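Chains: A, B, C, D and E, in written order; residue numbering restarts at 1 for each.
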Amino acid sequence: MTVIQAQGLDLTFQTNDGPVQALRDVNLTIDKGDFVSFIGPSGCGKTTFLRCIAGLETPTGGTLTVNGMTPDEARKSRAYGYVFQAAGLYPWRTIGGNIRLPLEIMGFSKEEQAKRVAKTLDLVDLSGFEKKFPWQLSGGMQQRASIARALSFDADILLMDEPFGALDEIVRDKLNEELLKLWDRTGKTIGFVTHSIPEAVYLSTKIVVMSPRPGRITDVIESTLPRERPLDIRDSAEFIEIAHRVREGLRAGHLDD
Amino acid sequence: MTVIQAQGLDLTFQTNDGPVQALRDVNLTIDKGDFVSFIGPSGCGKTTFLRCIAGLETPTGGTLTVNGMTPDEARKSRAYGYVFQAAGLYPWRTIGGNIRLPLEIMGFSKEEQAKRVAKTLDLVDLSGFEKKFPWQLSGGMQQRASIARALSFDADILLMDEPFGALDEIVRDKLNEELLKLWDRTGKTIGFVTHSIPEAVYLSTKIVVMSPRPGRITDVIESTLPRERPLDIRDSAEFIEIAHRVREGLRAGHLDD
Amino acid sequence: MTLIFVLIVWAAGWGLNVMIARSKGANTAAARFAVPVIFGVTVLAIWEILVRGYDISAVILPAPSAIWTTLTSTTDVLWGDFVQTFLKGALSGYIIGCASAVIMAVIVDRYDFLRRGLLPVGNFVAALPIVGTAPILVMWFGFDWHSKAAVVVVMVFFPMLVNTVAGLRDTSVMQRDLMRTYGASYMQTLFKLRLPAALPFMFNGLKIATTLALIGAIVAEFFGSPVRGMGFRISTSVGQLALDMVWAEIVVAAIAGSLFYGLIATVEKGLTFWHPSQRK
Amino acid sequence: MKQRIVPILTVVCAIFAFWYVACIPMNVQETLTAAERAGAVVTPDNARDRAEVGRFALMVQNLDTLGGSWSVDRARLPAPHQVAVELWDSTWNEEVHGRRGIVKSGSLSNRSLIYHGGVTLGATVVGFLIGSGLGVLLAIGIVHSRTMDMSVMPWAIVSQTIPIVALAPMIIVVLYSIGVQGLIPKAVISAYLSFFPVVVGMVKGLRSPDAMQTDLLRTYNASKSDAFWKLRLPSSVPYLFTSLKVGIAASLVGAIVGELPVQRGGLGARMLGGSYYGQTDQIWAALFFAAALAAILVAIIGWIEARTLKRMGVQQ
Amino acid sequence: ADDVTLQLKWVTQAQFAGYYVALEQGFYEAEDLNVEILAGGPDIAPGQVLAGGGADVMIDWMPSALAAREKGLPIVNIAQPYKSSGLMLTCWKDSGITGPEDFVGKTIGVWFFGNEYPFLSWMSQEGISTAGGEDGVTVLKQGFNVDPLLQRQAECISTMTYNEYGQVLEAGVSPDELVTFKYEDEGVSTLEDGLYVLEENLADPEFADKMVRFVRASMEGWKWAEENPEEAAMIVLDYDETGAQTEEHQIYMMGEVAKLTAGSDGTLDVADYERTVATLLAGGSDPVITMEPEGAWTHAITDAALQ
């Protein structure tokens, strides 16, 4: 079943010194349960595309549907959880309070809120930090709290913009593993932006390679890796082969400059 | 010749809610011309250790000598260039003005200043951008300017704290290559903090693996790679072997938690 | 002779402070309290010495000791004036002015057209000097505290408005987008995001407004008042050359103003503990 | 440009409309009294009874006489055009046609707001220069000396709770009596009012460099003066200008306050003169003139700020 | 020439015409004096200026001068150009006030800043409380103008015959809408604008001589002003730096002021002085001065000036 469908998507920003075309003729279909990674050089429009899907940015051309609705309708029907590039926790709320925020807004009952906060905190390994304020946590912990916040209300679509950028390799590996498990268990559709080629290959069923200025999709690589992925799959020949293809795609984009 | 020598180094921060031990019993010797990478999970004390070497932080125990002096004396004799985690250019100075800053402070003559600015700009491939202001450059260019600033006064030691953290993989590869060339040509001693295992392996003659809370050195890995390193050395078995060792060391540190 | 005395006292007071400030305990609450107090005491001592040494007329500058005597012997008068000017005039004006400014700010923030139209005009109106507006407001609202409150409202309204508007806009795109991804309503965004984010700015406005409120209420009394109030007493006492009374009122004003400021600052600490400027 | 002008014009028009309407209830007593004196029949037919009746009841009972609301002589609220006429009369007309105007006498008339504005402007500028200069110096002291920080800063705050505006006359008199007269006493009050915003803003500004920026200089082993000139000062510039804008507006208020007690010209003396003789139009005209002066001064500082920031390469 | 600085009690207006005339007509110059006249204002306490050395001689009302003397500022009256008082209360006739006894329960505007003493003395002689309420008068600190009366915020306000009363009339009110109570007529008048100097200065013969010449020239100025009211008013107008005064009003003021100065050659009438002191002492529980002043006046200067 198609969840997200983009056809001939264009987006041009009007700025002081003229228009900036951020996306050009983007065509992409994402099916239910897909794990799609977006990879590409800085400024190529990954964030912009994700924001379009989330209805945070309005395309200037082409069509985009989410669950058959416009992205804006989908946003209003609370179809997705969004994890921003930086943690973006509200500093006046505790970690628990931050995770509770969407639940309050969506009108969950008090008990339900408490239950879900506890559950998602546990999921990201932050139990015991519920009462702490964001600045009392390390960057990586904050990032995990923000992931918990996006998971708490169980949206079908999860959009994640470089969620692990600030983390070291080991923590990143661990969270990658857990994200895969979650995805496997819940069957969510996930859109995931990353700079890291191994991360993209390890996680995705589909890797979208983008090239900059104006942002276009240069390659869509369907992963042949199995759903079940232990960490050491990264040493397999198949993995290295896919990673190589992604790297070539990326490099081609860079050469265009 | 030994340039930096740490023996039984301890550092404890006094904070509101009690002392935080950032470094414990750190022993390390760095020789002239070494390229030493520091790797370890977030918050393990990498930055703190680099700052100790630079005399920006005072250890609470142990001894640390730089060129046979105390770090403070070394700092006062302007023995090193320091590149911070973020570019940290002064926004009110042009790129040229930023690179000129240390030269002005150290009292170089006007002609000498101009000569050195031109030379280092060329070195980091930014000739032509001298008159631009920082915000007119992309993140990667800013980071190169900040490296140029640290190089301009030709200190023997270069301390770099995750200089490439904010860059995408392709740009990062390019800068890595250039840094290696520079090091090879000038014979500087370099201390380099990174989160990335391939980066550490690719660059270093010596990889220091640290573990968190309190920060200790768990492993020092001498690289057996040749000084001359093309990018595709990263696919060699030797490289993968060293990377594996680093990863194991890191993981061991994490398990302690 | 007097001058030498002054220099000795100054050197002693300042020296003591330098010692405390450089000592290990400089960050303790006691030191932070002691240093300004020592500074103040030093200034008072010098003042006393100068007045006595140069035999300055009491109708020009009374000695601190004389002011203290007046302060303690006329507490009933001072209290009456305080009630009239501070509790009735300044405080009610402060509350009305700040509250209406916040409401206005929310409206202005909601409609960009209003923000672009009202803020420049507001800045212009805020530049109207109170010495001009006060007589007009006294004419409109009568001689009692109502007109003083009106002057205070006019004085505090725009600083509060400008700060609150700035605060309401001080949310990052990401923080706002987060709310949008939840499909949050305007009211939810206002109460869960904008108002909390605006608090540090609002407290800036509230703190500025504390000093403005007291000054406004006092000055307005110069342009007509009943026969009590701090401004009334100050101006009348100057005419009667009772300068000790003038200074006693000033002391009351300074204490009241500082306590008011301190109170707001304390509330600020409690409510905006999360803001970087409050952490350190 | 259009985006900025249209909302402002709309708001200004709305304010004028409201103002005209407000004139009716505000001036109803005076309007009726004037009409009565001119022979019209009004209800109630004596001023004492009218004082007891509410404004709106009066309006309803005397609908046909309300036309005079916008031409009352000693209005509680003069209509905008009355203020405009007064402004025009006391600037252009007075200077060009007046007996003492610059055209006939060769010097600015002491009945024109231009002359009085000039008097106030002089004190404002001198006071502002003293106050902001002192403020900057004090801020530098506070930032560099812990003792000063701890002892002076709390008192600087206390100093702002003292109703200096109320003390102004005394200060003027005391300065007066030691032979300081004319522009300086007013400038002293201006300076007192403008120094505080500058101190606060400048301290904040001088402390605004982040740890990385200062650490960078430490790696160069830069001196305190290097740190000041190359880091603290440049990074304080935006704060400085913001507080200078507040400071110059405060300076103007200070100069006006300083002109109240000593009736020697200036907008303050002018406002008081208007008040003394019940000439509300005159107060309003002087008020608007003062506000316009403040707006211009702030705009000038804004212009200098824009140029400085541009030279410093700050992003637009 | 000897320098003399004169501090006025109020802004430049015909109330002080004599001094401006003497300056403009060269009477001071003729006495070899170089006189500077400092205008006063709402919050200038002339006594403070004198004490600080900012002026040699000042103009003040006797009640506030005597009160200041009791406060420890040793000032002495050296001349009294104003013979009678121009102070009065002006009330709306329709308020039903016919005599002082009707003030009870009413609101009355009073000037403070040392100008309140005559009113307070009068009320205490009438036995009327000034604390407000049903059986006292409610006192307002009257601002600068006559608006409180015009806008009926008060039933009565303080006026001077030569100034505020004229303003009320100029505002279109006819005299028969008003009731006025002159302090002179009520027998509670106190001496107004007199010349005062510091006692210690008088001991200096040079200073005393200067004052003799100053008083002589000033009185000459007053006589000229009384005889040429319109010209005097124009001279005052020329010295007004604020440009706030109008010709019409200053001519009116000069005419009224002339009536008050008419009976004086500058010499303080001891009977007037004693009446003033008696009025001030009679203040009941809260008299303006608590004891008979000693040496608060001297005839030495006027005697020398007028011989």
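Note that a residue touches a chain if its C-beta (ideal position, glycine included) is under 8 Å from a C-beta of that chain, and two chains touch if they have at least 3 such contacts.
Because the structure is a prediction, the values reported are computed rather than measured.
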item	value
Neighbouring chains common to chain B and chain D, by label	none
Size of the rotation, in steps of 5 degrees, that lays the CA trace of chain A over chain B	175
Comparison of A-C and C-E by number of C-beta pairs in contact, larger one	C-E
Taking each chain's C-alpha mean as its centre, the one farthest from chain B	E
Chain nearest the global centroid, as defined over all protein CA atoms shown	C
Where chain A and chain C are represented by their mean Cα positions, the distance between them in whole Å	49
Rounded Å distance, chain C centre to chain E centre (Cα mean)	38
Intercentroid distance (Cα basis), chain D paired with chain C, Å	19
Chain centre separation (chain B, chain E; CA means) in Å	84
Where chain E touches two or more other chains, by residue	42-43, 45, 48, 51-52, 143-144, 147, 151
Touching two or more other chains - residues of chain D	76, 169-170, 174, 177, 260, 275
Pairwise chain contacts, counting only pairs that touch as defined	A-B, A-C, B-D, C-D, C-E, D-E
Chain D to chain C touching residues, read off their complex	3-4, 6-12, 15, 26, 76-77, 146-147, 149-155, 157-158, 160-167, 169-170, 174, 177, 249, 252-253, 256-257, 260, 268, 271, 275, 280, 283-284, 286-288, 290-292, 294-295, 298
Contact footprint of chain C on chain E as seen in their complex	42-43, 45, 47-48, 51-52, 64, 67-68, 71-73, 112-116, 130, 132, 138-144, 147-148, 151, 153
Of all residues in chain C, those that touch chain E in their complex	57-60, 135, 138-139, 142-143, 221-227, 232, 235-236, 238-242
Chain D contact footprint on chain C (complex, rising order)	14, 17-18, 20-22, 26, 31-32, 35-36, 38-40, 60-61, 113-114, 116-118, 120-121, 123-125, 127-133, 135-136, 139-140, 210-211, 214-215, 218-219, 222-223, 230-231, 234-235, 238, 243, 246, 250, 253-254, 256-258, 260-261
Chain C to chain A touching residues, read off their complex	172, 174-175, 177-184, 188, 192-193, 196-197, 199, 272, 274-276, 279
